[in-house]
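In the two complexes below, subunit A is the common chain; its partner is subunit B in one and subunit C in the other.
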Partner chain A sequence: MIEFEHVAFKYPQAEEEAIKNINITINDGEWVAILGHNGSGKSTLAKLTNGLLMPTEGSISVNGLELTEEHLWKIRRIVGMVFQNPENQFVGTTVLDDVAFGLENLGISRENMQRRIIDSLDTVGMSEYKLHEPFRLSGGQKQRVAIASVLAIMPEIMIFDEATTMLDPVGRRELIRLIQDLHKSSDLTFLSITHDMNEAILADRIIVLNDGELWFEGKPSSLLEKSDELEKVGLLPPLITDLTDKLRKNGVNITTQPLNYEELVKQLWILHSKM
Partner chain B sequence: MNSLIIGQYVPKESIIHQLDSRLKISIVFIYVIILFAAETSLNYLLFFILSILCMSLTQIKLSFIIKGLKPVWFLIVITFVLHIILTREGDIWFDIFGFPVYKEAIIKGFEIALRFFLLILMTTLLTLTTSPIAITDAVEELLSPLKKVNVPVHELALTMSISLRFIPTLIQEVDKISKAQASRGLDFRTGKMKDRVQAIIPLILPLFISAFKRAEELAFAMEARGYRGGEGRTKYRELRFKNADYIAGLSFILFLVGFIITR
Partner chain C sequence: MDITFKNVSYIYQKNSPFEQRALEDINVQLPSGSFVSVVGHTGSGKSTFIQHLNGLLEPTEGVVQVGPYELSPEKNKHLKGLRKNVGMVFQNPDHQLFEETVQKEMMFGPKNFGINVTGTELENVIKDVGLDLDILSRSPFDLSGGQKKRVAIASVLVLKPKVLILDEPTAGLDPLGKYKMMELFSHLHKSQQLTIILVTHHMEDALKYSDQMMVMNKGKVVLIDHPLNVFKRKEYLKEIGLALPEKIELIEILQKELNLTIDDAGQSVDELAKSIGDWVKEGSGS
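On to the complex of A and B.
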């Protein structure tokens, strides 16, 4: 469980606070997406969660441990993080070495390491690439390795800090599917930071940040109800919402907000049989 | 760039490739030092045989090595010629166009050229048969006694391995930047030397900026994965002496004994 209490953060040379008085609770096993335009403070929020940045005001606690120098390394063991740039988080000279890096840091024995590396690479479907050097992998494959590196540490919370942003459409789709599968098959808590609505609506709950302040918190479907206001905070409603809105304007009576095409098609079928 | 093989690694499965990297580095280190203590022609013969034996065991094609050492041949020949011209003692052997060539000069020149050649050959064989990461590991292990006098051995080795890992990334980046700048009209292939050197600045500057950005992000990623220095860390890569290593080590000791006897 992650708890933010009256958290504020200001970068040393900045005039304004990047995060202003934020109160959030993220429960165990939940998948929460944090949405926001560039500079809304969403990445800052991610870096605050595992102590890469320390709050200037308020307090943060992870599994009941307050984020202080004393608990910093315990918290980093609980919170794993996948970053935006696939290239700049690959430490090892090969896939194996990269997954081993985090385990080496924790002082895990060699036998244990070997098992965990194989297991986590299997989970993300990268075991056959284990001897590859990073420059022989695509962006999507590198992000998979990054996820495996985090999984190997066996964290309880995983943060994806715009992990799909720099990927091509195919790589992005595959990675999102992997994240969905992981969410289904494990009891990990997910926190995904993104500016892509299509990705955010897959989560259990969405938090929208605007200029460092909490703008929205709730279920994806209720966010889509506010689609006309989304542009104000620099977000584009997903295509499915756009389509629904236009259908409504043209007199098609869609009652509940569909989250994906299947739901929309289902409603259209029901409508059609009523007409 | 591809013609020079010094520093390159050629993956193969030969006996030499599989030897422990610590052993290989130590052998080459000792070899280089005692090469300068060689005096008799029997000494040189021993060195020559050892080097050729190692070379043939690497399973790397002879033509590849000879071709790769091409730029070095030039240096070797120059050293030889310089010795012939500059040495002015002993008996005159023969004259070329009225220029006296001394017997001593030929022998000295040949000795130095051979020494130079063997030195380059042996060190090149080391890098050809040992992956950069194995060299890094070996350096860390071999220098580990220095930790006691507060030399940051682990940090140095980690820096070295990260640099190695980022070399291809930065080469790709240079390629991208040079294309981007060329599309903006930058010309760094023709013109005067001075202009060409100046044209490098728009390549180097963006490269530096992005390298710093990378370094910062990498530091964040490493910290997020629990990196807090060398203390309490375990190692995934393991260096272990095998039978072949003991045999190779013993053979080298025999070689050393032979060297001392023939000296």
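On to the complex of A and C.
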């Protein structure tokens, strides 16, 4: 569980706070998507969660541990993070080393370690590249390796900070499916910072930041009901919502906000049959 | 400027155990003034391909011709002239930013290439990419990822290039910012006959904006055609790990689930909504 209580953060040189009086609770096993315009404070929020930044006001706790110098290392074991820019995250000279690095201090057996490395590289489709140098990979491949490194650690809480931006759509879909599976089969708590509305609406809950403040918190379908306000905060409705809005304008009486095409098609069929 | 690749291959770390053939015998012609989308699976060679367009990489074999400039394994002289005309926005803005302030960052290129940029022009570019003017005095390193990306784009646009190379330029931009940025590129393309080569994973954008799509797979160009024709090859695209634009997927679903046939002819969402609305209202005619 992650708890933010009246949290504010200001970068030393900055005039304005990047995070302003935020109160949120993320529950165990929950999948929360965080949306918001560029510069709205998403990465700052993520870095506050594992103590890469310390709040200037308020308090943060992870699994009941308050975020202080003393608990920092414990908290970093609980929270695994994949950054926007994977390059800043590589430490090993080969892909294999890189994934192994994070596992070294976990006190797990050699065989177990090896299996986790191979499994996680397999999962992201990068086994072929295990002896390559991480910084000589293509952008999307780098992101896959960074993701594998965190998957191998199997943290209780995983934060992806725009970790899929450079993946091709198929790769991204596969990864999302993997996260969905992990999410279902384990207690994984997953925070995904993303600009992909289609990805966000798969989450249990969505948080939207705007200029460092909490602008929305709730179910994906409630966010989509506000589709005409999204532009104000740098977002746009996904195609399914845009289409639903336009169908309604064309006199098609869609009652429940569909989250996917299956739901939309069902409603269309019923309306068509009634005519 | 016309762009021609003749039998171009590129090998990373040639003659080492890590030798990696990233381009294999590429032959393409991209006429001046076109808007080309380059798509392909991660690692298919897109970034390697476009880095040949401004001489960042030199072909291991073959010849690249960009307007009057020629690049081959042997001779590559006029790189500065080439780079003045061919602007490139990198996939990762961190590779592009290095000055103390955004203002200096923006003026670095113009100074280097002897291009005069007025204060108004500078301000307009900043606004065009969706940034506030007060960003000019900030350090590019203290910006969020998306803000950095915008600065990187602005610092290339300010050079008024004739060819604009964009490597996933909207990755990391918020949805509204992404939309506006694509509209900006499209406007520049139409109003100034700017040649645009766009590397993208967004099939929607490839469909909406480009007049040619170049599909890469394992270092080769496997398809090059109008987007609507490329997307007719659904099975093949799936085979090489590519997705279809969401709109085309939707049209497929309507066909399959509702037996409602709509031709994918690049319709707007409004047009799609109208066709679907008509079908609903027409009813099952019982």
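In the analysis below, the second predicted complex is superposed on the first by the 233 of 275 C-alpha atoms of A that agree within 3 Å, B and C clash if a C-alpha of one lies under 4 Å from a C-alpha of the other, contacts with A are read in each partner's own complex, and residues count from 1 in each chain.
Keep this in mind: a contact is a pair of C-beta atoms (placed from the backbone, for glycine too) under 8 Å apart; a residue touches a chain by one contact, two chains touch by 3 or more.
Treat the numbers as computed from the prediction; the structure is a model and nothing was measured.
Once the two complexes are laid over each other on the shared chain, residue contacts for A:Glu87 go to subunit B and to subunit C alike. Between subunit B and subunit C, it is C that contacts the larger number of residues in subunit A.
In the superposition on chain A, no contact is made by A:Lys184 with either subunit B or subunit C. In the superposed model, A:Met166 makes contact with subunit C only, not with subunit B. By the document's definition of touching, both partners, subunit B and subunit C, reach A:Glu133. With both structures placed on the common chain, the touch criterion links A:Asn50 to subunit B but leaves subunit C unconnected. Across the two superposed structures, the residue set of subunit A contacted by subunit B and also by subunit C is 85, 87, 133. Those residues of subunit A lying in contact with subunit B across their complex are 47, 50, 52, 73, 76-77, 80-81, 83, 85, 87-94, 96-97, 100-110, 113-114, 117, 133-135, 149-150, 153.
Residues 132-133, 161-162, 164-165, 168-169, 172, 213-214, 217-218, 220-228, 232-238 of subunit B are the ones that touch subunit A when the two sit in their complex. Listed in rising order, the residues of subunit A touching subunit C in the complex are 11, 13-14, 36-40, 43, 84-85, 87, 132-133, 136-141, 144, 162, 165-173, 195, 197-198, 230-231, 234-236, 239, 242-243, 246-247, 249-252, 261, 265, 268-269, 271-275. Here subunit C touches subunit A in the complex through residues 12-13, 18, 40-43, 47, 91-92, 94, 142-147, 149-150, 168, 171-179, 201-203, 241-243, 246-247, 249-250, 253-254, 257-258, 269-270, 272-274, 276-277, 279-285, going by the rule given at the top.
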